[in-house]
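Note that the chains are named A, B, C, D and E in the order they appear, and that numbering of residues resets to 1 at the start of each chain.
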Amino acid sequence: MDPYIQLKDVGVTFGKDVVLQRVDLSVEKQGFVSIVGKSGTGKTTLIKMVAGMLAPTEGEVWIQGEKVKEPHHDMTYVFQKPVLLEWRTLLENILLPIELKRKPTQADRDKAKQVLALVELAGDEHKYPHECSGGMLSRAALARALFTSPNLLLMDEPYAALDAMTKELLQVQLLEIAQDYNPTVIFITHDIQEAAFLSDRVILIGDQPSRVMQEYTIPFHRPRKKTLKFEPEFLQVVKQIYQGLETL
Amino acid sequence: MDPYIQLKDVGVTFGKDVVLQRVDLSVEKQGFVSIVGKSGTGKTTLIKMVAGMLAPTEGEVWIQGEKVKEPHHDMTYVFQKPVLLEWRTLLENILLPIELKRKPTQADRDKAKQVLALVELAGDEHKYPHECSGGMLSRAALARALFTSPNLLLMDEPYAALDAMTKELLQVQLLEIAQDYNPTVIFITHDIQEAAFLSDRVILIGDQPSRVMQEYTIPFHRPRKKTLKFEPEFLQVVKQIYQGLETL
Amino acid sequence: GTEDEVVKEEEQAASKELHKMKMASWSKPIAEQSNLFLAQEKEWFTDAGIEFEYVPGAGGGDAVKNIIAGNADIAFADLEAVLLAVENGADLKVIYNIYPHNVFNLVSLNEQGIETVEDLRGKDVGVYSFTSGTYQNLKLLLYNAGMTEEDVHVIETGVLNFGPLMNGQVAATAATDTGLYDAEQKGLEAVDVIEAKEVLNTPSDVFVVTEETFEQKQDLLIDFLQVYRDSVNYTIEHPDEAAKAAVDTAIDGQDQARNEEIIQIRNQVSVNEQMKEKGLGWFDQALIQRVEDTYVEMGLLEEPVGIDTIVSNELVEQLQ
Amino acid sequence: MKKMKPTMIYSVLLFILLLTIWELVVTVKNIPELILPKPTAIWMNLMTHLSSGYFLSHINATFIEVIGGFLIGATIGVGLGFIVSQSRTLREILHPYIIASQAMPKIALAPLLTLWFGYGFAPKIIITALISFFPLFESTVTGLSLVDKDKVALFRSLKASPLQILMKLRLPSAVPYLFSGLRVAIVLSVVGAAVSEFIGANKGLGAVITTGMGMMDTPLMFSAFILLTLMGIAMYHLIGLLERVFLKKYDYSRRDQE
Amino acid sequence: MKKMKPTMIYSVLLFILLLTIWELVVTVKNIPELILPKPTAIWMNLMTHLSSGYFLSHINATFIEVIGGFLIGATIGVGLGFIVSQSRTLREILHPYIIASQAMPKIALAPLLTLWFGYGFAPKIIITALISFFPLFESTVTGLSLVDKDKVALFRSLKASPLQILMKLRLPSAVPYLFSGLRVAIVLSVVGAAVSEFIGANKGLGAVITTGMGMMDTPLMFSAFILLTLMGIAMYHLIGLLERVFLKKYDYSRRDQE
């Protein structure tokens, strides 16, 4: 079977800066792949191409056997910097994707509130973005992405602005969601433990220009529990990735 | 001796939302205090008051025996979301604080380049913000703050957008800077290990409305080494704070 | 080099002797004033020690205001504007009768069947603007027919006033002889014309100065009027030369043939029987008095302004 | 009664000062009323005609033209702005005509318009609309085009149609600029209505001005100026009020001072 | 030679189509030239007068007034915008006067101005400046006031003075809006110059228009219209060019389409 997502010999150049070169990568259907790498190596650039928001300078990106030319219809992209409309409350922001398809119903609104509760924003649904903290905005953007249950979920450091507790909670929730309806996920993070905890595979990109330096398969079956994080084998995997990053 | 910074029975209310209540906190001169707490508890709100960017609804904030009414002259504030001027290159952005005082000299420019190199942005000085990755923007904003060597350094999650490697590097550099000219620092972070590694004291805020829940004194003398992070006593302190956060 | 210097000095002396004479006109420099441009071209003004300057305006009111404000020495304006200004407190002297004939008329298409003013009752009538002689003379015609403004529907149609007439938007339009000529050239045909001079042959345009100028610059004024009168006489003899002079100077003067036609029309209204005897520029005081009486009767003036003291032949009498 | 703000007091004092200087200059230099009437003379004229009811029908006519012209002009300005910001092709095709409509002096167009549309309100409203739409058009185009790139990316990632991007993103982002354009448009509507009345009108404050000129009644002309100015100020503040009341949320996060 | 863009071709085709319709309607309905001349007649008139050199001095005069009026108007518009955006008090005091200057029909002001300043370039440049400054003023005020709050906070934290905030933050942020205002201002300058020439002018395309009317020479009037339009379009694009060449960086991150 063809992989769900495939990057074939992809290169990206901005002006005279070659950012990515000869990137080959494939993600199987319903796979969960994390991408790690130093700041400025091209993680966001890479995920944007999969999202259909940026055309590669060289090579091709394929999704479900089709060349990517525009955003995939069943995809949700969580931007690195949360993007919310200032003139809408959080709830109205969450409802935006639905609104672009049809008039939201009361059921939609109820569901939106549930998703907001999931990211610990219950009670904040009528706040405007300028009344929210940085972490609240990240969570609201996350809620908007989860609301539509897309089959392809692209997430660019969604948990970077969260405290340890909330982050852990949302990691577990994401695992549950993945278990539930099995989307294909590409997840960018700086937190190696997080990458290992969530993914089937962790891809390390780097070097100049960046390419795929290393792939780590995470050998723990699902469903995974919170306690996995304290098991020695898990810590071993994390350490291994960490060392991979360090050698760059 | 009076403490350098003092919050006296401070409360903040937005509309009808009481965000902070009865906050008492003091930071000694040249102290390094970290603040941790869940997302949305009021860490940013608190640091903004110290920065003189927000007036408390109740109580008072004092710096060096003077009531804070406007930003302190010898203070630099690193915003949670990096704020850069889009029409200036990174280098020009770094030079902004100097420019507001006098015409920048070649020496200033050289120093700015050094600071950029410190945050691993050597070679990127002529990029415009829209040509930078999220982490690069955070680092540029950080460089702008370090450039002026202020005596009061207020930092709101400066390392949240950075990868593990870069973060570690910058932690060590911050320790060195602190050692060098001894500024008073308030540092907000979601990373408990980071808080413990850098600070003299870690303040845990939370509950609804938030107030100071717990203070942890970090018993390791300075200068601290990178290896401290792996010492069992250090891990013990981190665990303790983590548990404190968990009980909220 | 002494000879050169002497020549230079003489030139300087000559230029120093020149006295500025600013003439505020009711219009831009247009072909019907060709005699002025001819006089300039032939340097008659300079010869008379006058440095002539043309100050343009939009309507007689502008011209009169320009002399009151001191922007000009003499105004080329319609008598109505002068009388209104006097009524509003200005001290003016009318010193030369430029066009002794009333050039205003009321034009309608034949198909409208308007033969008398009475036929206009209840219909739309166009005027250039409320600031122009077309409006006052329409009032005069109405008054003469025992009607008032209320009996017709007066509309400001702008300078392009024959357009609405041809378009059937007004039953008649108040115009001037040259306007009618131009419109006929542009395809207006089969019209009925009611001429205002049949009712009251008011002088159309006059030279007017402030009382102050009249007192202080008599000699200069006489010199100016002399040149003006001479140029009119010359133009009557040689309309072709004037038409040529207008090509470069008049803003509407590119078409020399039209210039000549327009000049001919103006030449005709620049003289009357009395003037053949008394010279150009002469006022018939009896007629002038009748103008004031009529204007007071029809309400154009609230009360008599003493026209006999305002209009004076004093300077004209001193011309050769 | 609400207390007067100090700026209001300064403003009024300044106004009185200016009027006094004006009155004095005219009196001392003995400037004829024809050239520049005294403020007191203008005031008397204004009061006389107001109490006699003379101005009423004129104000009324002008007001109708202002409102009609503004509504049409605003619709055209915003509408064209929308069209043009959606399509580069249309922009390039339409632009010359739009600029032509502006570079032409509308008062010279007036006689032609009356030829085509008669002497009623139509040509006046057309002129008013023609004068008022252009600044609003430019504000609309600029406002609609200057949108946060990240938000456009968001909408693109959500597969929003261009129309949805226009209505749900560009329009809300452009609100403050639309209002800026509307404020200019309403004031220009007042001058447009007055200008349109110079030709082919026997009602309206513009017609009063030409009558004042024709009768050499300069104070009357100034009275009409004053009424036009008051109308303009009132309209301008009306738009400001609308903006503050209904659309505050669209610039809450951007405008940092009231 | 550069290949023509397809939109250009459409644009030209549309133009030709419109002219053809116009020509046909006038011919078939036998409309007198006085009311609406044929495009061919206008073209002939334009060519005749261009080759005879008749238009040269008029274009020249108008051009001087446009440039002079625009420069002064732009300075006033931007200057007042700066002043007003720095001080609420000044804003409240100045606003009524600014609106008064706009709600008054400038053409009615023209005779007064010629009385005060003579019939040279001065009153025309003043009128042009008066007409052109207002939209620019509004754009300036709006552009300067709509600044990212976070950036204002940054400047405050750096203890920048209000003047520094104005020059280093508000001004660069407002650049696209300033240019939008400048584009409107330059086009209005063209109409302003033409209007000012209706009264008390010997030269200029506006004077040609009234002359054309007076002589019932409608093609001449249209020729002047065409020249004014061309002048307006050229100026408009000049501003656009300036913006693209010099000031691209100020809206790089915000404007998402060219």
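FYI, contacts are C-beta pairs under 8 Å (C-beta built on N, C-alpha and C of every residue); 3 or more make two chains touch, one makes a residue touch a chain.
These figures come from a predicted structure and were not determined experimentally.
> If you apply the touch rule, which chains end up adjacent to both chain A and chain C?
Both-contact set = D.
> Give me the two chains with the most inter-chain contact pairs.
Ranked by C-beta contact count, first place goes to D-E.
> Cα centroid separation between chain A and chain E, in whole Å?
Those two chain centres are 51 Å apart.
> Distance from the CA centroid of chain B to that of chain C, rounded to the nearest Å?
Computed from C-alpha means, the inter-chain centre distance equals 85 Å.
> In angstrom, rounded to a whole number, how far apart do the mean CA points of chain D and chain E lie?
16
> Spell out, as numbers or ranges, the residues of chain D touching 2 or more other chains.
As it turns out, chain D has residues touching two or more other chains at 35, 111-112, 115, 149, 198, 210, 213, 253-254.
> Using the touch definition from the top, which residues of chain A touch two or more other chains?
Where chain A meets two or more other chains at a single residue, that happens at 81, 130.
> Two or more other chains touching the same residue: where does that happen in chain C?
Touching at least two other chains: 61, 65, 69, 158-160, 163, 167.
> May I ask you to sort the chain touch graph into line, ring, star, complete or other?
Topology of touching chains reads as other, fitting no named class.
> Pull out all the chain pairs that touch, please.
A-B, A-D, B-E, C-D, C-E, D-E
> Which residues of chain E touch chain B in their complex?
It comes out as residues 150-151, 153-161, 164, 168-169, 172, 249-250, 252-254.
> Please give the residue numbers of chain B that touch chain A in the complex, ascending.
Contacts found on chain B: 14, 36-40, 43-44, 80-81, 120, 124, 131-136, 138-139, 157, 160-167, 190-192, 242, 245-246, 248.
> Applying the document's contact rule, which stretches of chain B touch chain E when the two form their complex?
51-53, 70-71, 73, 75-77, 79, 81, 83, 85-87, 96-97, 99-100, 128-130
> So in the complex, the part of chain E that touches chain D is made up of which residues?
Chain E residues touching chain D: 5, 7-8, 10-11, 14-15, 35-36, 88-89, 92-93, 95-96, 99-100, 102-108, 111-112, 115, 134-135, 138-139, 141-142, 145-149, 152, 176-177, 180-181, 183-184, 187-188, 190-191, 194-195, 198, 206, 209-210, 213, 221, 225, 228-229, 231-233, 236, 251, 253-258.
> Please output the residues of chain E touching chain C within their complex, sorted ascending.
So the residues of chain E in touch with chain C come to 32-35, 49, 52, 54, 111, 114-116, 118-119, 198-203, 207-208, 210-211, 213-218.
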